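Here you go, one structure.
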């Protein structure tokens, strides 16, 4: 790593230095471990006290944190988390790709591999694959026949693509991810499960990211599709025929069942799921562990089965009160029974009965 | 792909042509993309309108859809989804297996590999493994010592078998699946977790299918068993000592904890789970995200903890009404308190008190 | 396997023989399959009847089962499950490690590999990795640059470590586990997800175990840490920056979201999850499928969102009664309405109105 002027970093992210723009920064580190040679950052108000106690030489923060009680030089910008992303790219540039095909790689007939691409040790490419400029095929990656890997895409060690899978430019596939395995389709016939051949494939558009050990199944026909800029975390399951829009976030261990259609900018939090053959509209946010069992047009949902988030929260609060409410209900019934008896007595005798 | 007479396909599936049996079909495609040279299919009434609007030259459908308003030639049969499966097998035959052992494969001492089997690049077989006729060992597959792979079985790229695992004839294991890793068994002793050696193994019977990145743990003793014809989707977890019957379906991200016994034809929907040391009877169906925490003899269950499906649905409806019900309860209490006060006043004075 | 004197096994685990200490044991097997040459075991009272019916020649059991009706020779000890673990280690010793580097392994520049370590076929080690004495690097394992694998650690076939990951002494990583893939960090900017570079790494301390196909993400900065003796089951997700203490158990398919801090001896049952940026105290036990959405100091929790276990159980019972309770509530409202009408009549006329 090198050393960077704070003023240079401010120019990079369109921010303003409050303090000394000549301050040298050698690394970016969290508040609790940063020292005088480090830039640290305050991206959430919950960490304000920690920021004031930090020994960091410089602090990246938002406009509304400008008044922080700190001796650090400040880098003020409108969106410090986004700025952090850009500064990290600048301070920790990705290692340069070493072009070329490792001698142990097995390359099928008819493959077209750009000379600027890198193919690692023990990679196995089926026939007629295409690998674009600057793409990186990591060690032990397997591509089935007729796969296409776009420019600048990265397949990390041990990623597996079945046949005919398309990976868009700039897309990243992490280790252990499996793209294009058979969809889970069986016709139950006489009590047995008869496999429905899955003759489609998988398409990842540009700038997609697929987490470690996630699985995206091939379509029964045509293609399962993950739209441009969508990001899948680790251990995510995407069933056959699913269509996912752009700029979605699918957090760890979430799952989308077959033939569901997910809009743009949709977020599934951790361990959430959607049933098959439904539609989730643009910008919908699904809470952790929620089960989306019917189509959702918009808004935020939670619970299993998922309902709108405000309803779910009311249900959770109400459920917490339920055991006591049942006792209150029993008391009411007893009281009312007593009233009824008394009333019956009054009606029968015209006087109080006890 | 070739071209097929509709009459030929009807004979294959025992169906009836309504229209021209000489109609040529080149591919099978979904309703919305099929054209005049394609066979499409209507396997669920929800798609009837789409079927009527389809440009497909031929349509596969059930008896009760015979009256469809369509110019297409019809292939009518009792179970169109099952027929679809058979037609796809006919139209898209599996690529022939190229027998032989890739020169880069590492074969342990004492292995017996049928000459008609295929062993891919970089496969590693431990000592004394057996591979049956027509079996396919994909690239990068690892077999521990003394594994057995049955006739016609397929282990896709990057499948991993620990030692002594048995894979039945015709069974398919998808990429990244791990069979026979140690079960999760520890004796807590003085606050620390002491590993209990897992000296059993795993048996997959015939015609089983294991999805991508699923894990089936070896037994502590004896064997974890998946019964004939059962199908596991992706990212499914099967704990040590589990016994799964025949023709079960375990959907994506479902999990069965250690020592559970699952009957025949059981279905676990996505993200559902079963606790350890319990029994699930034949034909039980477990809803998505349900948590089976006790034994279930029969029927359908849902919820966490799982109860019979009708009860769960009633609970879900009731929970939705609960926040309002709590308000109703409070109103009742107030009214009753007022009545009680009034009654007390009446009894005390003999007249109305307000 | 050899043959062992019961007295020798008793000495090993500090137990007492009731019966013949010269009894020979050839294998350890479960109650239902053990025969006269086997040692079996009773580690849970639920299996007492099975133990009495067992044909095992010898039985390992706890003090309070000493009175068992059985002709077997007994090995009585305070903690039979822990004793079982030690006896299995004795009877089934781990296969000896064959030191050396397989000729097909690709070793980066500047690696330091202890001569007593084993590196399997097709392993790929990046530059400047360190492998300690007696460590086992299985076939197809990939290590990124500058990884460190401690003495006696085992990386099973197809484990993947990204760069700079540290694996402590005696730690076991099962097949398909991925350590150090990028954390799931994006800055949403203008509707798009901008990747926040993940420049930290992962540290597994000593005697950790990571299950098959689990994923532990690298930290954004610094390190994601799994404390000494903690065990992760299969398909477990650990997000970036997470800190897990010592001797924890994370069961199958559980997940810990980013930046959460988990104490010592914490248990997450199957499919449970914790949200990010929270703290879970020492000895907390989280029930299956529970969703920990806020910090928990101590005790046992269940439900989604998780509450203390006793409350959750009361909620479950109450929810079961809820549909009927709603009917009771409606009846009460009707009765009260009738009373009110009657009362109104009484007040208006001074006499009964019906």
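The chains carry the letters A, B and C, assigned in the order they are written, with residues numbered from 1 in each.
FYI, contacts are C-beta pairs under 8 Å (C-beta built on N, C-alpha and C of every residue); 3 or more make two chains touch, one makes a residue touch a chain.
Computed from a predicted model, the values in this text were never measured in an experiment.
A.B. asks: Over half of interface residue numbers shared between chain A and chain B means same, under half means different, so which is it?
C.D. replies: Under half shared, hence different.
A.B. asks: If I superpose the C-alpha trace of chain A onto chain C, what rotation angle comes out, expressed in steps of 5 degrees from 0 to 180?
C.D. replies: Between chain A and chain C, the superposition angle is 120 degrees.
A.B. asks: For chain A versus chain B, what separation do you get between their C-alpha means, in angstrom?
C.D. replies: From the centre of chain A to the centre of chain B is 24 Å.
A.B. asks: Considering chain C alone, which of its residues make contact with at least two other chains?
C.D. replies: 122, 140, 158, 176, 213, 235, 253, 271, 289, 304, 319, 322, 325, 329, 332, 336, 339
A.B. asks: Quick check on the complex: what are the chain C residues that touch chain A?
C.D. replies: It is residues 106, 122, 124, 140, 142, 144, 158, 160, 162, 176, 178, 181-182, 184, 186-187, 189, 191-197, 199, 213-215, 217, 221-222, 235, 237, 239, 253, 255, 257, 271, 273, 275, 277, 289, 291, 293, 304-305, 307, 311, 314-315, 317-319, 321-322, 325, 328-329, 332, 335-336, 339, 342, 352 of chain C that touch chain A.
A.B. asks: Which stretch or stretches of chain A touch chain C in the complex?
C.D. replies: Touching chain C from chain A are residues 28-30, 33, 46, 79, 81-82, 84-86, 88-89, 92, 104, 120-122, 138-140, 156-158, 172, 174-176, 209, 211-213, 229-231, 233-235, 247, 249, 251-253, 265, 270-271, 288-289, 304, 316, 319-320, 322-323, 325-326, 329, 332-333, 336, 339-340, 343, 347.
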